[in-house]
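I'd like to ask some things about the structure below.
Each chain gets a letter, A, B, C and D, in the order it is written, and its residues are counted from 1.
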Amino acid sequence: MTAVLILIAVATLCTAAVAMALRNLIHSALLLIASWTGIAAFYLWAGAEFVAFAQVLIYVGAISMVVLFAVLLTRQSRADVAIAPGSLGRVVLALIAGGAVLGVLVGAVLSTKFANSSATTPTVTVKQIGQSLGGAHAAALLVIGVLLTVALLGAVVLATTDRAEKEDA
Amino acid sequence: MGLSVQFLWLIPALPLLAAGIGSIAPSRDRTLASGTAIAALALSFLLSCGALLTALANPADHATHNFAWFELGHGAVRLGWLLDPLTALMCIMVTFVGLLIFIFSTGYLRADARFKQFFCFLSLFAAAMLGLLIANSLLLLFICWELVGLASYLLIGFWFHKPAAAAAAKKAFITTRIGDLGLLLGMVWLYDSTGSLLFYDGGNGVLEPSVLAALGGSTAIGLLIFCGAVGKSGQFPLHVWLPDAMEGPTPVSALIHAATMVAAGVFLMARVFPLLTPDALTVIALTGAITALMGALIAVAQNDIKRILAFSTVSQLGYMMLAIGVGSWTTAIFHLLTHACFKALLFLGAGSVIHAAHHEQDIRQLGGLRGPMKTTFATFAIGMMALSGVPFIFSGFWSKEAILHAAHAWDVSQLPLYLGLAAVVLTAFYMTRLMAEVFFGAARSDAAGHAQENPPTMTVPLGLLAVCAVGLGFLGTPYWPWLQHTLDPLAHVEAGGYGLMMVSIVLVALGLGSGWAIYGRKSRVKSSAADPLAVRAPSVFAFLAARMKFDELYAATFGRLNHGLAVFADALDRHLWDGAVRFFSRLGEFAGVVNRETDEGALNGGFDATSEGLRKRAHSYSRAQTGDAHGYLLMVAFGFVVLVFAVLLGGAR
Amino acid sequence: MKSESIPLVFSFPFPLLSLLIFTPWAGAVLLTLLRGASALTARVLTLAFSLSTLAFSVLLLDSFDPAATAPQFGERQPWIAALNVHYHLGLDGLSLVLVLLTGIITPVALLASWRLERSARLFGALFLTLQGAALGVFLALDFFHWFVFWELSLVPAFFLIKLWGGRDATRAAYQFVIYTIGGSAFMLFGFAALFATTGTFDFNELARLGADGTLAAKLGAGPIQFIFLGVLFGLAVKVPLWPFHTWLPPAYAEAPTGASMFLTGVMSKMGVYGFLRILWPIFPQQLHAAAPWLLTLALGGVVLGAWAALRQTDLKRMVAYSSVNHLSYCLLALFAVSYATGRAGLSGEAATAALSGTILQMFNHGLSAAALFACVGILQTRADKNNMGGTPMPRGTGVSPLGLKDFGGVRAAAPIFAGLCGIAMFSSLGLPGLNGFVGEFLIFRGVFGLHPGAAAVACLGLLGTALFLLTFWQRVFHGPRAEAAAGEFSDLRGVEYAALVPLVLLMFVLGVAPQLLTRLINPLVTAWAGHLVLP
Amino acid sequence: MNLAPLQLCLLFSSALFCIGLIGALSRSNTILVLLGIELMLNAANLNFIAFWRYGANSEPATGVMFVIFAIAVAAAEAAVGLALVITIYRHQKNIRLQDATRLKG
C-alpha cells in the first residue's frame, strides 16, 4: 500500500518539478497533465473515486486544454523565452522562499502527533455525494454555480475583441 | 324547383369559385375573368330564386342546416345555413343587383389595366355578402361581415396609387372595425350567456323562445350588436367613412356602398330582432332618425355627385334603422329592397354620367346632359323620383310611407316621426337640386359638353333597375302587404292613416317645388357661381358643406387621443422601462459616482490639511504596490513562514 | 406498406423524441466538420436537416392519440441518479403543436435567409443548434435538462444576432442575452429551492405536489411566494410580458430575417409554453393570487404594445411590437383562467375556449409574424440593392434603418409580393377566414366569460393592431412610388416564393379548418379546464 | 523512520505545494505562474483527501465535498486567469508578468 503511495508521489512530484523547470511551455503543460493524472491516481488510491474522476475530467480534460490554447494564442518569438536578465536572482530567491516553506511544513508534519486514524477506509458513494450536494451543501452548490457563470461571462468579456479599441489603435 | 337548405352554400360558393379562378387567371384574359364572375352570379341568382320557392312553401318555418366547425371542450363550435323568406329575398336582391352592376362594370372599367382584379374582388365581395345572408350563426355572420369589410377595403382602395383612395380605404376599414369590436363583444357575451350562437337550432337557438326566456332580455347585448350595424351601415356617429368610400370606382359605390353591404347592418338588426329589448329599440330608433335627418341635411350642401348620393344613402339607412327601432323590421327590409334598386340605379346613372364626362364629378361643372344622354336622364329621373317618394307609382313612396306609418304607431315617442318627415322634404329638395344641376341648363365645362351616351352594357342595366325601382313598391302597399306577411306572418301592417299619407305627399311636393324654384327655374350659368343657398345663408351652408365638421371633430379628439396614446406607449418603453433596465445595469457605477462625490465634497469641506497628510501617507503606502506579482507572492510565502514560527514560538498549546 | 411500417417504427423504446431533438444537432455537427463545403451545399444540408423535424412530426401525427391527455412517446432514463435527475421526454397535444410549429418555421426561416452572404456553414450550424434546443424545451419533462435546453437556445441566438445582424446588432445581442439570462437566473434559484424541498425536478411530480397544496405546505407561504416570483420573472422576460419586453424590439429588429422569424415564431413560444407547463400547474394558488396584477400587465401589453407599434418608423421594430401585442393575448387568456379558478359556478366552457385560444394563438402568431418578418426582409433586400446599384449588400455596414417613409407604391411594382404580404398582414390582424381569427375569437370568448372587463379593454388592442398594420400597408404599398422602392423593384423570385407561399397556404387552411389543430389539443385542454380547483 | 500513511500524504502534499510555489516565484511567464498556483491548489486538495481518509471521526463526505468545490473554483480561476493572460498579451504583446504593472499604485 505505502509503496504504491510513494510511487505515485515520486512520479507526481518529479513531473511537476520538471514541468516548472522546462523552457518549452508546451512541454511543461504536457508534463503538468501527467502530474495531475498522478494526483488523480492518488485520489483513487485513497478511495475517493468520484474526486479522482472529477480531477481527470476537469484538470486533465478541461483546464489543460485551456492552458494549451492560451499557450498557443500567446506564442512569442524565441527571444522572449530566454531567461530575462536578472532572473537568476529571482530563482535563488524563489528557492529560498520555497525551501523555507517546505522546511516549516515538513517540520510541522513530523512534529505533530496525529490521533490514531481509523483502520477502515471510509466509503462514500456517489449517491451520498449527490445527497449532500443537494441537501446539506445545496447553498454551496448554488454559489459555485453562480461563480462559474460569472467566471464564464467574465472570461468571455475579457477575451472578446473590443471593436472600438481596435479602431482606436 | 326549390333549393333545399342543405345546398344553400352553393349560392355563395359559386362567386367564391369565380374569385378563385379570377385570382389565378392570366391578367390579359379579360373575358375569362368577367365572364366567370357574371356567369357565377347569374347561377347564384337562379339558385336564389329556387331558394325563394322553397322558402315560400312554408314562410313561417326556419329551415336550418347546422354542422360542427371544430371541437371545443365537450361540444363544438357550430355553424349553419338558414333558409327563410328574409334570406331568400335578400339573396335575390343581392344577386340581381350585383349581376346588373357586374355587367355595367364591364363597360365602366373597359380601359382599366387591373380589370381582372376588379372582378376578382367583386366576386369575393358577392360571395362574402351572400354568405352573410345565409348564415344561421352569429359567428358565421360575423366572419362574412368582416370579409365584406375586406372586400370593401380592397375595392375602395382599388386605385391605390391615389393617396386619397388609399386613405379612404383605411378610414373605412378602421371606422367599421370600431363598430365590429362592439359586435364581437356582443357576440361573446351572447355566447357566454346562452352557450350557442346559432340563430335557430331546433329550440336551442338564440332567437328561439326558450333561450330568449332564459336570457331574460339583455339591453347591453342588443346595443353591442347594434354597434356593429352602426359601423357597417354608416349610422351616426360612425357615418364618416361612407362619403369617403366614394373614392372607389362607381360600380363599387353602387354595389357595396349603396345597395348591399351598407344594408347588411339593417339586415343584421332584422335578423336578431327577437333579441332586442324595448330600451335597445328606443336607442336604435333615435339613432336612425338622427342619421336620416343629418344625412339629408348634409346632402343639401354637397357638390360632388357621388357624395350627394352617399349622404342620401346615409339618410335612407337611417330610415331603415328607424323602422327597426319602432318595431317594424319588415318595413325596414321592404325599404332596404326598394332602396337597393333605386339607389343602385342612381349610382349607376351617376357612373354613366361620370364615365361620359371623363370623370368629372362636380355638379357645378356638369349641366345640360338631358339632351345627349337621354336614356341615362330618363332612368336617373325615375330613380330620383323613387328616392324622393313621388306618390303612388314609385317604390320609394310605398316603403317610406310604411316606415312613417310604423313610426306614427310607435307608442314611445313621436320624435322619430317628425325627424323622418323633415328628412322627406330635404330628400326631395336635394334630389331636385341634383337633377337640375346635372341635366338641365347648359353644359358648363368641355367634359360635359362632349358627353355622349354610353354603350348598351351600361344602359341596359339602368333600364332593368328602373323597372324594378317602379315595380318593387307594389309588393308591400298597405292594401296588399304581401312582402311584410311573407317575411313575418304575424306582422301587423298599419293600414289606413290617410291623413299621414296626405301630409307626406304635401311635404314631397314642397321639397320638389322649392328645389325647382331655387335651382331649376333659373339654372346655373357659370361653374364658379355661388350656390343660391350659400348666398342666403352662408354660414349654415358652409357648415353643411363641411359635413358638419365631423371629420375635424374626430381628428381633434380621437385622432389626438390616438396619437397621444402612441406617443405615451412609445415613451413609456423608451424612457421608463428601458430606463429602469439601464438604471439597474448602472447601479454599481452610480454607487461609485456617489462615493466619489461624497469624498470630494468632504475634501472640499475643509479637511484639506488632513487630506494632504493622508495623501502623503497614502502615497508612501502605495509605493509598496510595486505591481510585481512575484514580489507579492514572495511576501506571502515569507509571511507564512514567519507566522508558523510565531505560532510555534508563542507556544500556542 | 404503411400499416407494416408503423409497428416497426414504434417498437418501444424507440427514441423518436430524442431523434427529433438530436437530428438537427447532428446536422450542426456535420456542418462544422464539413470544412470545404460550398455555400450551396451547406444551405441545402441545413435545409434538409431542418426538415427532419417536419418528417418526424408526420410520424408522430400518425400515431399520436389525441384522446390521451398524458404525455406520450415517453422516454425516461435515470441520468444523474444522485440528483434524482432523469432524462425524461414526453409529448402531449401542446408540445405537438409547438413541435409542428418549429418544424414549419425553421425551414421557412432558412429559406428566407437563403441569400445571406457570409459563411453559410456557420449560419446553418447555429440555426440547427437553435432548432434542436427549442425542440428540447418543448419536449423535456424534467426541469434539469429543460433548463439546459432553455439556456442553450440563447447561445446560437446570440451569435446569429451579433454576427449577421444590423448596425446595432452587438448591443442588441448583449442586451438580449443578459436580460434573458438574468431572468432565468431567478428561475434557477427558484427551482433549486424547490428541489431542496421536494427532491425532484420532474414537472409532473411537481405539478402534482403543487396541485394538492403539499408544496405550499412544505415551503411555507413566504418562500413559495418568492420562488413563484422568481420563476415568473424568468418566464415573463422570455415571452415577453409587458413591461419586461424592452429587449425584444432591438433584438428582433437587428437580427437577420431568418433569425427574426425564428425568434418570433418559435422562441417567444417557449416562454408561453413555460407559463402553461410550469408556472400554472406548479403554482396554481400563487398565480391565482397574482392574477389581477398580471391581467393588468397583459392588458398593458395588448393595448400599449399595439400603440407603440403605431409609433415605430422602423418596419422590423413595428412587427416586433406586434409580437408583444399578440403574445399578450395568450397570457391574458391564461391569467383570466387562473383569475377565475375556484369561482363558484364556473363553467369549464369559457376556460376551455380561453386555453384553446391560447394554444391556437401561439401557432397562428408563429405563422403570421414569421411571414411578416419575411416580407420586411424582402423589402429590405430590395432597398439595399437599389441603394447599392445592384450589388447585394452585406449587413452591418451602415445601411440606414428601414423607415415607413422610404417606401411607397410597392404594390404597383410587385403585385404578387403585395398580395402575399397583405394576406400575412390580415392574418395578423385577425381577419376571419385566415388563421388569426379563430384563436383571437376563442380567447375573447373565454376571457369574456372569465373576466368581462379585461375582454372589453383588450378589444382596444384589436383596434390598435388594425390601425398600425393598415398604416404600414398604406404607406409601403399604396400611393406613389417612393425613393427606396424606386428603380428596379422586382417581384418575388424562386426562394422567396418558397419561404412565403407555405406560410400563406397554411394561413388559409387553418383559417377555414381549425379542426386540424384543435383536434390535437381539445381533449388535453378539456381535461385542464375540468380540473380548475385551488388546493 | 516509521511514518504513518497520513504523514506520508502530508509530506507529499507539502512537497507539491513547494514545487508550485517555487515555480510560481521563479518563472516570468504568466501562464507558468498560473500553473504553479494550480499546483498549490492541488496540494491543498491532497490534504483534504488525506484527512478525510485517515482523519479521526470526520463527517463521511465533507472532505470529498471540499475537494469538489475547490476543483470547481480552480476551474473558474483557470478560465478567468487565462483570459486575463490573453488580454495582457493583446495589450503588451508579451506575457511577462513583470511587465504587467500598469495597475500599481
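We take it that contacts are C-beta pairs under 8 Å (C-beta built on N, C-alpha and C of every residue); 3 or more make two chains touch, one makes a residue touch a chain.
Not measured: the values here are computed from a predicted model.
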Tell me, which chains sit next to both chain A and chain C? B
Farthest chain relative to chain D (centres taken as mean CA coordinates): B
Using the touch rule from the top, work out which pair, B-C or A-D, shares more C-beta pairs. A-D
Chain with the smallest distance from its CA centroid to the overall CA centroid? C
How many angstrom lie between the CA centroids of chain B and chain C, rounded to a whole number? 34
Report, in whole Å, the distance between the mean C-alpha point of chain A and the mean C-alpha point of chain D. 5
Compute the distance, rounded to whole Å, between the mean C-alpha positions of chain C and chain D. 47
Distance from the CA centroid of chain B to that of chain D, rounded to the nearest Å? 79
Within chain C, the set of residues that touch 2 or more other chains is none
Can you pull out the residues of chain B that are in contact with at least two other chains? 630, 634, 637
Numbers and ranges of chain A residues touching at least 2 other chains: 90, 93-94, 97-98, 101, 129, 133
Which chains touch which? A-B, A-C, A-D, B-C, B-D
The chain C residues in contact with chain A across the complex are 80-84, 170, 185, 188-189, 192, 195-196, 199
As the complex stands, chain A meets chain B at residues 90, 93-94, 97-98, 100-101, 104, 108
Mind listing the chain D positions that touch chain A in their complex? 4-12, 14-23, 25-29, 31-32, 34-36, 38-39, 42, 45-46, 49-50, 52-58, 60-61, 63-65, 67-69, 71-80, 82-87, 89, 94-96, 98
The chain B residues in contact with chain D across the complex are 621-630, 633-634, 637
Which residues, counting only chain A, touch chain C once they are in their complex? 126-127, 129-131, 133-135, 138, 141-142, 145-146, 149, 163
